[in-house]
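Mind looking over this structure? Questions follow.
By written order: A, B, C and D. Residues from 1 in each chain.
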Amino acid sequence: MSETHAEHEAPRSFIRRYIFSMDHKVIGIQYLLAMLLLAVVGLALTVVMRWHLGIRTVLRPETYLSLMTMHASLMFVVVTVTPTSAFGNYFLPLQVGARDMAFPFLNMLSFWVALAAGLVLLSSLIVGAPISGWTAYPPLSAVGGVAGPGLGLGQTLWLVAVALLCVSSMMGALNFIATTLNLRTRGMSMMRLPVSVWGWLTAAVTGLLVFPVLSAGGIMLLLDRLGKTSFFVPSGLYLGGEVLPHQGGSPLLWQHLFWFFGHPEVYIVIVPSMCMVTHIMANFARRPIFGYRYLVLSLFGFVTLGGVVWGHHMFVSGMSPYSGLAFSILTLFVSIPAAIFAISWLMTLWGARIQFRPPMLYCLGFVSLFISGGVGGLFNAQSSLDIYLHDTYWVVGHLHLLFAMAAIFSVFAAIHFWFPKMFGRMMNDTLGTIHFWFTLVGAYIIFLTMHYMGFLGHPRRYAEISQFDFLKPAASAHTLISVVALITAGAQILFLFNFFWSLFAGRKAATNPWNSTSLEWTLPNPVPFSNFERDIPVVHRWAYDFELPGGAQDYEMQTAPGPSMDGQTGKGVPTEKST
Amino acid sequence: MRRAVAWLVFWLVAAGVVAAFYKRVLWFPPAVSEHGLSMDSQFSVSFLVIGTLFVAAQALFGYAVLRGRGKSGQPPSFWPSNPRFEKRLILAIVGVFSMGSEKAWANMYFRKPSPDALEIELTAEQFAWNVRYPGADGQFGDTAPKFITRANPIGLNPSSRSGGDDLVLLNEVRVPAQRRVRLTLRSKDVLHSFWVPNLRLKQDIVPGLAIQVEFLATKTGQFEIACAELCGLGHFRMKGTLIVMEAQEFDQWLEEESE
Amino acid sequence: MTSEPALAADWSGGKSPYAVSHLKLGMWLFIVGDAFTFAALFVGYGYLRLGHPEWPRPFDTGSILQASLMTFFLLSSSATMAVAVAKARKGDASAAVQHMVLTVIGGLLFLIVHALEWRHLIQQGASLFSNPWGVPLFTGCFFTITGMHMAHVASGLVVLLVIATKLKHQHATADHVEVAGLYWHFVDLVWMFIFPLIYLLSMRTR
Amino acid sequence: MSLRPWFPLVSWSSWAWLALLASSLLRPLQAEEGGEVTGQVLFEGEIPRPKRIRMNADKECDKMHGETKVYFDNLVVSEGRGIRWVFVYLHGVKGEYPTPADPVQMLQKGCGFSPHVSGVRVGQKLEILNEDPVPHNINCTAKFNKPFNETQSSGNRKEQVFTNAEVMVGFRCDLHPWMGAYCGVTKHPFFAVTDEKGQFTIRNVPPGSYTLKAWHEELGSQGAPVTVTAGASQAVTLTFKGGQ
């Protein structure tokens, strides 16, 4: 029984090779391109919304709300899957030294289901997108069209898309875990894995545990909508001039189920981002990662804490104040693994000879955004302060700084870093640098201003602010944000241009242009169908042996024998005889 | 030249931020409730500690990056880390916040309901606030969804004995200053959230539940009530007014309204 | 430590360092994930049930006996499945196939009795949104959870049939049988939660 | 393409002339053939006190009315016990009747719907206009037609055509929850809405036996048999009991 594709020939036909491909590299690129497309749509929605909020009122309130819902949902589909599914798919098998994923067919299925999820989501935009936000809190989302426009068919399609996403993510997660555990090459012990692999593994484990919960919640919500059950709908709701037939459900149940998924979901995005950044940063700092073991430990911390802090989204939701207390304290503890990462980055950079190439710039931007977003979280985590900050623009600013901006910076870093291996060409450094500065400054101005608007008590999801006197001072802030957001969104054209131009006209890349250490850089461009053309190389060290004393070059590939700085030399390394 | 421009930009931004904080542009509206003051002081502490942490972390990070510029050929230098110190620092931060913050939280939620609080019921709907005072008998009449009409927005049972004198207002909550008020929050349709920035009070309103919150307003004046939980297309327009009056003025008003 | 040549073969890529086949590992991971789906459903059920002091308890002794019969069918199918796995491991394909067929019959009997029970309940006026016994959510939860479980059993039957056929024609290995067995035992395990939580707790008390 | 400002005036007035011409040709014909149903809808029981709308819930609505008090229109009973805003229509009408080209208008004005109750034909346009300086919301809770729910900004005009007969289609403005309107959608033109005195007239009814149905927002609906003869007027009095 063998499922590796070393034993079958590379498919010849175009369709089997590039469309319905089971090759993890093709699937990785498919993910990347599909998600770039969806991200552009999501960004376009932002442009419309910012135009409406800060420059001229052009939308109906319900249109604003549907655009907002679609923006969040699309980005959440996109951002969720990109760090893991695009880069994880392409580079996890390469970095652990495998010929493919453990389940190539499941991998293909996972992509097509994810794509279907994205398309169904887009189709809900056409029939009238829901206005219930990406959290889809019932009863608004559960009782159908009587609650508002878009809550009929649009909301149902939205739910179908979410269900598809769950299925796709579960298949992906299963595959990632099996591959990491089962397909490592000789000498690649768990403590020698590149940190990026650890990140993908962590995301997969988290995903495997929480996506089923969302899908169960989704089934119940779908039944509430289509089967007229009342899981999330209490008795005696009066909507649209009549009393609804539902009886006895609890809207809070959905919030519990949703956030049990929703909070770890943030880690599913940010943890692989952090890990990819750590990996890339070590390369451009030419320094071994500081505290690799602690990083791995703190990943376990993220998974564990991620599963027990969902209640901090519900401090004012009407759940028991005692649980609020518990969730608040637990949430503050999340700062520990996060700080371990921050300290590791700082220490890795300290005194390093930094090469300021675009991948590194994005990593540095990531760290800065991560610190800013992270300290903001210390405010929300305190239940008493969250009474004020909850559901205000503070939260919008906070989540975008971390969940959106930091994550997208890691994606930019990864694209610039791995582009040569994926497409055999280099991206343009100058364009990358300009794009970096525009995006970083833009992100800070936009989202720090939003934090600041939170002080006013500006509720989020407001289509207009003219009604309230206490929001009058926010009008100029909205204009500022909109202008900067339009410029920043415009700057993304630089990136898209750089990406597509380099795809065809970039400088041809060498096998290992960044003098990097992990296994993918031992492979020729383009990477052959079964990755390692002959035997899979044996690994003798971790991926962060930079600046070794006394070496001829300032790095050692993982395949190079000899003493390493990973503290495990001699352990688990096969003797020469056995190769 | 480039350096001069960079410095200029830096100082301009810094001056702008300081000025914005100093002039209290987009700052918290003044607190007018008892618990609001303790929340504000907790916020000030957090702001100071976290602000310092934020500046220190970013500065340290910036310094590390700048030091790495243009260095070549020099052997890398390591900063001896002190994990024990770092761990203690983080635990101290967690400790400070959990104690301070949870005290403020407990002050608000873990107190016995005061027996002499003024009872007001607030029933939210898409997209308005129905406000009910119990009237002279001090008792709310019973309600049911089946009695709801446009003219009877909260569904008062017409045959209810204690309901006859209930006073129902729309989008207007009047309370006396310096007296505890107990709000019972209900919703007719979807989730809403009762949000008065000046009161430092935000509470989601869940259909099917009657959630009670207490507050004591310290200053008279008119304050806006906003909805803070997405409730549909008119979410942004769901506005109410909280009017805090002097005690006798309030009594007088209540008498006049319920004649 | 295994001998060197075997080690070398294992490490040449595409093989597991933990000596667990991908398929088995994958199935375990799937089971973990799926357990969370059911766990979420059960948590929802518990949450709603605790919120209703007068949750209906309509099942009389007859219904419980019927459910016990279903439990019996499912449990014995698990037993035959265990035998099938053991036989397949020993290389006795035909005995394995026989026991798998027995398993399928057990599963089918379970499904049939279950379907009859559903029909009976529906005839009495139970539906997803109402029932004659009180809180409508009772049947909402009942049909959702048992329905999910039935879907799992049904798809398990299909998998078992496919693997049994393949085994007969030597297209499948003992590993396949074992993995199918894992799934089948999991489905059985879920039922062992459903039976007390949904049936026994809803028994009529006089 | 540039249209002169007078163009719509001319085109509309020519349509109006044509319509007038057509109706003048048709009317004598129908009057000869048809009969008339008139009557009154009365209220029995203690006449409820009208309830005041708290316009101060929206400052801008309040401004429009100044010191004038505005009352709910859900149950309006005159001193002579006539009930206003009752939708009266004939049930059991056979035959096809041409759909009028002119739209029926419903205004959102002074933070209230005007008229509160109206009738429209299947296939005829219902024109909803927001004449207020504030935005409103049209939440149409139709059951047999396609419901819709959208914000209507100040000055906006919305046209809607109903494809199925439905008595009644409800309209609400959720931004001002005291606002409500009803529109009866019928296949034939034989309906009316009672006036201040609770009186109504249905003209040009082809002779035959029908049920006269009356619908009221809060009091429910009831029916009475009527037989219409050509050229005659049939008077019907319906009574709703209140305060049950």
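Remarks
As a convention for this text, a contact is a pair of C-beta atoms (placed from the backbone, for glycine too) under 8 Å apart; a residue touches a chain by one contact, two chains touch by 3 or more.
Nothing here was measured: the structure is a model prediction, and the numbers come from that model.
Using the mean of the Cα atoms as each chain's centre, the chain most removed from chain A is D.
Separation between the centroids of chain C and chain D, computed from CA atoms only, is 60 Å.
Taking the mean of the C-alpha atoms as each chain's centre, chain A and chain B sit 31 Å apart. Annotation: 46 Å between the Cα-based centres of chain B and chain D. Within chain D, contacts with two or more other chains are made by residues 135, 149-151, 180.
Looking at chain A, residues 60-62, 148-149, 249-250 sit in touch with two or more other chains.
The list of touching chain pairs reads A-B, A-C, A-D, B-D. Residues 135, 139, 141, 147-151, 153, 170, 172, 180 of chain D touch chain A in their complex.
Residues of chain A touching chain B in their complex: 60-62, 65, 131-133, 137, 139-140, 147-149, 234-239, 243, 249-252, 285-287, 290-291, 294, 316-318, 321, 324-325, 328-329, 332-333, 335-336, 339, 342-343, 345-347, 349-354, 356, 364, 367-368, 371-372, 375, 378-379, 381-385, 387-388, 390-392, 452-453, 455-457, 459, 461-465, 467-470, 473-474, 477, 547.
By the touch rule above, chain D contacts chain B in their complex via residues 51, 54, 56-58, 72, 74-75, 135, 137, 149-151, 174-180, 218.
Put simply, chain A touches chain C in their complex at residues 1-4, 6, 97-99, 102-103, 106, 170, 173-175, 177-178, 181-186, 208-213, 215-217, 219-220, 223, 227-231, 245-250, 253, 256-257, 260, 532, 535-536, 538, 574, 577-579. Only residues 4, 7-8, 11-18, 20-23, 25-26, 29-30, 32-41, 43-44, 47-48, 51-52, 128-129, 135-137, 140-141, 144, 148, 173, 175-176 of chain C touch chain A when the two sit together in their complex.
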